[in-house]
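Note that chain A is present in both complexes that follow, paired respectively with chain B and with chain C.
And now, the complex of A and B:
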């Protein structure tokens, strides 16, 4: 694909790869709001900036699958299901089974949450299978800017995966306090694993890092896997015509990663929320 | 890899989507799954019941068949007996009728023979009178001799 890029001259393969790893970031730089023209500019924008590309793709996919589920759920019948309804039922039963296997309290929010998590992350990961230049080139064509940064796979953006992880983390805290009360929640850190008041600081030292590591590991696991896959796709894309069989082989392997990471994220979400609902910890 | 407000946006979007899923998408799906489950349970129960019914019906049919066979045999037996009876009766009747006709015929024959004897007797009496007339050669009061002649005829 590198050769196909006649209109954008990349000085080197390093530049090709790094350009594909840059974001279309909107924020304030040098005193005015606008899109960043380079990763350095994007970094200067600090916290109050938005990765428009990943956020846009993420929302498009999210609205897409949710609208699809919504339309199908309106026409569900308990009689003989059609192929589309069958697909949704299969998905729903898979989620229900996963939740029943790992979540032992009663909460009506968990199963839909798991379904949303799995479907959304799966779709975002699947964007990895679209050849690496198609969506950026399309974006460049639409905007007329041949040097536009556009990242097509939302889960290769740490912000997106962290967005999921932080939301899950906040839910864990919310449900922990709701179920155990503030005292019970704090007691989990102070009186465990050593239930002596004078060992509370030691307990806190043991428990708190593990607790805080949950969202970080959740976000980084997904991000790391998808980012690595993306980089390999980019390197393969540099090979010219040899990329075709290699791309196919890596894509086939990557299908596994896509499904596995989406499933893992869903399962860990369920497991963390289950811990939040366990009173005896 | 720089953190920015994107992750906040994604968090908010995620929570909204999950909430929407719970409120709007999930209930009808679960309801349909539950309803189908119930339908299948009912269907299986109905099938089992139908099988039991079938077995009962088969037993009943077998019993009915046995009863019917027995009844048919009985009816056949009765019919045979009745037929024999009718034949016997017919034979008896025929025999009685034959005897009756025979009796009537012999009575008729006897009667005719008696009548012939009577006529013969009368004629013999007449002939005897005529003979006597001729023998006596004289007219005899017929009325006076009637008694005598009748007595003669009865003796014949």
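And now, the complex of A and C:
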């Protein structure tokens, strides 16, 4: 069905899938700035390549839910709440309960952070449920370029997930140093698990990989789950009209993954920040 | 053996091992969750939260493996 409707005739299923996994990349190639027309060109752009599709959709979703929350909070009433306010209160209560269950220090920043993380990642993951050809075909229609790359799910771009994970990692370092001081933070690496000064290199060797693995595993978990789900959607889309029941079945299963991954990212953010706030250790 | 055949074989091996590993882990994890909540049903919500948290640690390696497998199958970096 995908081939029948799209203006581009794909030579093979591999080409269809890899075209849908390509990014709309903006950068400098052969001395001038422009969009990449092939993965090779995107690779040539090096560091200053910008994935426009990921940025566009993630920022749209981010600004969208922020504006929505802001508008609802302006109309907040202590009387009988409307359905929208009910929904937001339900969400906020769920997040607050999660924070209270996993975060034992005092920090007013954590609950809003958790709510933002959860909402934004959930919305970005939900883009996976939009049929895989709709947004790319719409983008191709708008720009008039029938061979345009467009990847609609921001969390299948490792740059987004790594960006989130690095932000969490920096916050962990910031709060560790703020709560324990530089000495306490370094002591966590040098004097644990063996509190002898001559074993400090060994301690560092044990503690440091675990610390550095946190952001990497945080990013790769979300990316891997969403990427695998997206590829399965793409493979199902190759089946012609038989794809419809299969799409439905996989989407039903995938809703679980979408919500679970957003929840896990939020929970792990809270847990890591809680570790940063713990003084004894 | 061609690169394509090697890649498919590798993908099958990665997928198989990932599946086996997570299957054992999730079996243990789910069994213990049910055991725990049967013993103390009032702790069930707390246990479930912990269960999902540990599940995240369990499935991270295998989901990375699955991601790499899909990369190998559909956008093989070794061909061409």
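Note that in this section the second predicted complex is superposed on the first by the 278 of 281 C-alpha atoms of A that agree within 3 Å, B and C clash if a C-alpha of one lies under 4 Å from a C-alpha of the other, contacts with A are read in each partner's own complex, and residues count from 1 in each chain.
Convention: contacts are C-beta pairs under 8 Å (C-beta built on N, C-alpha and C of every residue); 3 or more make two chains touch, one makes a residue touch a chain.
Predicted, not measured: the structure shown is a model, and the values here were computed from it.
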Do chain B and chain C fit side by side on chain A in the superposed arrangement, or is it a clash? fit
For A:61, using the defined touch cut-off, is the partner it touches chain B, chain C, both, or neither? Pick first, second, both or neither. neither
According to the stated criteria, A:190 is in contact with first (chain B), second (chain C), both, or neither; which is it? neither
Now for A:273: first (chain B), second (chain C), both, or neither, which partner does it touch? neither
Between chain B (first) and chain C (second), which, if any, makes contact with A:258: first, second, both or neither? neither
Using the touch definition from the top, say if A:99 reaches chain B (first), chain C (second), both or neither. neither
Kindly classify A:29 by the partners it touches after superposition: chain B alone (first), chain C alone (second), both, or neither? neither
Partner chain in contact with A:221 - chain B first, chain C second, else both or neither: second
Residues of chain A touched by chain B versus by chain C: which partner has the larger set? B
Check: chain B-chain A-chain C angle from CA centres, nearest 10 degrees, reads 100
Which partner does A:157 contact after superposing on A: first (chain B), second (chain C), both, neither? first
Where does A:47 make contact in the superposed view: on chain B (first), on chain C (second), on both, or on neither? first
In whole Å, how close do chain B and chain C get at the C-alpha level once superposed? 9
Which residues, counting only chain A, touch chain C once they are in their complex? 14, 17-18, 21, 98, 101-102, 217, 220-221, 223-225, 227-228, 231, 234-235, 260, 263-264, 267-268, 271
Using the touch definition from the top, list the residues of chain A that touch chain B in their complex. 25, 27, 42-43, 45-51, 54-55, 58-59, 62, 66, 69-70, 73-74, 76-78, 85, 88-89, 92-93, 96, 108-109, 111-113, 115-117, 120, 157-160, 162-164, 166-167, 170
Which of the residues in chain B come into contact with chain A in the complex? 1-11, 13-15, 17-18, 20-22, 24-26, 28-33, 35-36, 39
What residues of chain C sit close enough to touch chain A in their complex? 46, 49, 52-53, 55-57, 59-60, 63-64, 66-67, 70, 74-75
